[in-house]
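In the two assemblies presented below, chain A is common to both, partnered first by chain B and then by chain C.
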Partner chain A sequence: MAEIVLERLAHAYAPGAPYALKPLQLTWRNGGTYALLGPSGCGKSTMLNIISGLLRPSEGRVLFDGRDVTALDTGVRNIAQVFQVPVIYKSMTVGENLGFPLVCRGAPAAKIKARVEAVAERLGLAPILSKPANALTADLKQLVSLGRGLVREDVAAILLDEPLTVIDPQLKFDLRRILKEINEEFRLTMVLVTHDQTEALTFAEEIVVMNHGEVVQMGSPTELFERPETEHVGWFIGSPAMNFLPALLEKDRIIVPGTDLSVAAPAALPQGNLKIGFRPEHATLSPMAGDLEGKVTRIWFEGADEVLGIDWNAHRVKVRVSGTSPARIGEAVSIAVPTNRLCVFLDGRRLHLG
Partner chain B sequence: MYRQKYIFLLPGLLVLVAIILFPLLFTIRVSFSSWDVYNPGLNWIGGENYARLWEDARYWEALIRLTFLTVATVTLQYTLGFALALLVWRDIAARRFFRVLFLVPMMTTPVVMSVIWRTIFHESLGPLNPILEAIGIDAQPWLSDAGFALAAVMIVEVWQWTPFMFLLLLAGLLSLPNEPFLAARIDGAGPIRTFLSVTLPMMGAISVGAILIRLIEASKLMETVYVLTSGGPGTATETTSYYIYIRGMRDFQIGYSASLSLTYLIVMSVALTLIAKALIRLMVKDRT
Partner chain C sequence: MRTFYLSLKYLAVVLWSAFVIFPFLWMLSTSFKTANAVTAGAKWLPWVQFEPSLAGWQSLFGGVGGINIVKPYLNSGIVTLSGSAIALVLGTLAAYGLSRFTFKAGPLGNGDITFFFISQRIMPPIVLAIPFFLMLRFLGLLDTLPGLILIYVAMLMPIAVWVMVDFFNSVPRGLDEMAWMDGCAPVTTFVRVILPNAVPGLVVAAMFCVIFGWNDFFFAFTMTFTEVQLLPVSIVALNSSVTPWWSLSAAAIVSVAPLAVLAFVVERFLSRGGLAGAVR
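This part shows the complex of A and B:
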């Protein structure tokens, strides 16, 4: 159990090559749950491998509880990692798999037995301890992988590299619940790498959104949802994505021409490409003349909600309405968005307005 | 339903009958005849050939010798091949060069290489004995002493076929997923434990495949013996197929050699099936 600090960390796979991970500074407190969220190839696995010690960063340091572990080998860092593909030692039983990290560290047999039994009990693997691990289903194999991490009492953090990707949806839910319970019970620092925002938003207290090797924003799920720092975050987080409409400065207000959407402009506004964004969840259908009028071109059914696709000036605006909306495809509708829900982006970055 | 499928299968079936079934059935028939150089033809002598074979100590000795040669050389090939494959598996300097170098023996013709090896082993003219003497080891009667001749055959076999093992096992190693090795590192396993707990179990299936292919091939060992020692001195390096060759092609006892071949075929089929089952049970852990 440890606090993890990434100090001026950066990585390039070859000297002179472009950064796979741009310089960053992060602190993960002990016992927290974190998610690294981003599209494939954004550098999240690189960051995870640096923390676990499988990769040595080209710049900066990794600190566990203030101790510099940058040069330490994986085995002595006391990290547990669960991979995307369930990894089990196929020649061993479930019990032998769970005990393997302790066997490698030369723990006495009685202690190994006790730890394996405790962990198996906790993960619900106790009835199958003597079964060959290779015969298990993918989700159970993933539990065994996790168990190999938990079996060490001094484990500093558990790194989860897209561990739920190959699991069936129903079991995914169970496994996520188990992970959460484990975190609460053992107060283990857990870092989940994923490209699935639902997974990240439901699992982590804090989410690190990455893109092109750069940490774009770090914050709680609510922060990311309400106040995305960049257009990319607004687009990546939330389903459907945030709506963005081209805006321009008119006198002292930023407006979307042809609509009533407008925000007071800050005193000194640099030149650049302006956009106004709002969440589909924050827009409502308005019976009277609203902020924006368009034609419904598509309706997506989403259980208790409906998402309306509304075409306006060659843009498609999405609005989430609860229940069944009275609007029909082809019908003209008017929507309203509260001014405090509007975000302004200048060249892709959010403007902090008063 | 779909009766016409047989029409499409017919050409294939005909070829199969012509090249596999017919020679086999013909051999069975010949083995019950006394066809030889004096009385060629298909007469019927019942099981006489098989009774003679049962008493033929030279045949059974050759079979036991072959078993020893096969098991010993294939074990050596597997061990050496695996070691070489592990050596060039990871990033080392000139990895491509070594990979090609190790394959050269396999690409040479067995007969040609046996001739070269016979020259190397030659007691007075070959280079091997002077080299041994230069490093302080006495010259050895490589091809005229029973034990050394057997060793010479084994050396050539191992030299020629280790690359095949190397190739298959290297392909196997390269196809292994990386995650188990990362997991083993994280779990704190050292190189030996990683090899025993991760590499070897994952290589089980391909190992069995490679070993079986080599066992089947090695059990037909003939041209190396023919060129290197001609089965000698005496019958010290005679293998089953070489003995059958002597009876059939040199003595022209066609009927008798047919019965030898058939017995050999049955013994090999049964033995290799049992070995395959045992190997799979021992080495392949993928079964669920």
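This part shows the complex of A and C:
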């Protein structure tokens, strides 16, 4: 259990090569749940490997509870990691797998037995302790991997590198619940790497969104949803993604021409490509003349909700309505968005308006 | 239609089996013949077509004009097994290092080192005969079992390295990394985590080593004089101006027997899928 600080950390795989991880500064509180969210190849795994010590960063320091561990070996850091593809000691039983980290650290046999039994009990692995680990299903293997972290009471952090990718949807849900419960029970620092926003949003207290080796935004799920710092975050978080419409400055307002969507412009606005964005969840169908009029071209059924695809000027705007909407495909509709829900982006970055 | 294909398949298997088994049956029947029966054309049913004789087999165990095969047989066993075992241990360690760690010697890297091992099997063995001879003479190990074992280790290790590098490359690195994270030292990681997963590869490597070692004639012949004799050399010693097909056949059966048993055992491993990806 530790607070993890990444201090002016950056990494390039070869001297002079472009950064795989651009300089960043992060603090992970002890006992917090974090998610690293971003598309493949954005530097998530590089960051994870630096924390676990499999990779030595080319710049900056890694601190565990204030102690510089940058040069320490993986084993000494006392980190546990669950990998994307279940990695398991095939030649051992479930129990031996769970006990292995303690065996490696030379713990007394009685203690190992007690810890293994406790962890197996907690994870529901007790009935299969003596089974060969190789025979387990993927989700159980991931549980065993997790268990190998939990047997060490002093484990600094548990790193989860897309651990749910190969798991069946139903079991995914269970496993995510178990992860959450474990975190609450043991107050372990947990970092989940994922490219699945639902996973990130439901698991983590704080989400680090990454793109092209850069930390784009770090914040709570609500923050990311309500106030995305960049167009990329708006597009990446939320399903469907944020709507973006081209905007321009007219007198003292930023407007989307041909609509009533407009925001008061700040005093000094630099030149650049302007866009106005809003969440499908924040728009409503308006029976009277709304802010924007378009034609319904698609309707996605999503259980309690429906998502309408509305075409306007060669753009498709999505609107989430609860229940079944009266709108039909081909029908012209009008939508309204409260002004305080509109975000303005200049060259891909959100403008902080008053 | 399905039965038709199935019968075709069985027919093919039967034909192929006949093709493979026939030489062995021929060898077996020849080993019980005498000179006359051998030269009298294609006859192979004992008692019906020819009168069986034990002369061929007797000549393997100190019979008239023969040899005693027991000592060379044991020698071959000792040299092959210890040579293979040592080559396997050294080769596996080397292969793990080459698969997991990066080595640099000037412009040369891991691939070059691996090839350097394999390249020893590329040149004809005759090239090595004189250096090996001089080295063994220097060590005073000419015409001794330890000397032969040394040579066999040198000749078999490249095979072990070759097979095992390929195998370790197919064992995911994540396994090593996980063990390090669990607090395992590199040596413990190798012994307790990687090696148990490498058993199929070890079986294949061991099989190749044993086959190559057991069948070697060249070094068995050039590095020995009178004290130590290995099986292939002693079989050649059976030969005379009139080729004794009967005793040669008996000797061939005896020397191929252990390899046949080995093939059966390993085949079990292969068919269980345990070796998937072990040999390409």
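What we mean here is this: the second predicted complex is superposed on the first by the 354 of 354 C-alpha atoms of A that agree within 3 Å, B and C clash if a C-alpha of one lies under 4 Å from a C-alpha of the other, contacts with A are read in each partner's own complex, and residues count from 1 in each chain.
Assume contacts are C-beta pairs under 8 Å (C-beta built on N, C-alpha and C of every residue); 3 or more make two chains touch, one makes a residue touch a chain.
Values in this document were obtained by computation on a predicted structure and should not be read as measured data.
After aligning the two structures on chain A, examine chain B and chain C and state clash or fit.
clash
Counting only touches as set out at the top, which of chain B and chain C does A:312 meet: first, second, both, neither?
neither
After lining up the shared chain so the two structures overlap, which partner does A:235 touch, if you call chain B first and chain C second: first, second, both or neither?
neither
So, A:135: does it touch chain B (first), chain C (second), both, or neither?
So A:135 only meets chain B here.
Could you look at A:186 and tell me whether it touches chain B, chain C, both or neither (first, second, both, neither)?
neither
Please report the chain A residues shared by its interface with chain B and its interface with chain C.
52, 54, 73-76, 79-81, 83, 85, 87, 89-92, 100-101, 104-105, 145, 148
Residues of chain C touching chain A in their complex?
Touch residues, chain C against chain A: 172, 174-175, 177-185, 188, 193, 196-197.
Where on chain A does chain B make contact in their complex?
52, 54, 73-76, 79-81, 83-85, 87, 89-92, 100-101, 104-105, 132, 134-135, 145, 148
Once bound in the complex, which stretches of chain B touch chain A?
177, 179-180, 182-190, 193, 197-198, 200-202, 204, 285-288
In their shared complex, at which residues does chain A touch chain C?
Chain A residues touching chain C: 52-54, 73-81, 83, 85, 87, 89-92, 100-101, 104-105, 145, 148.
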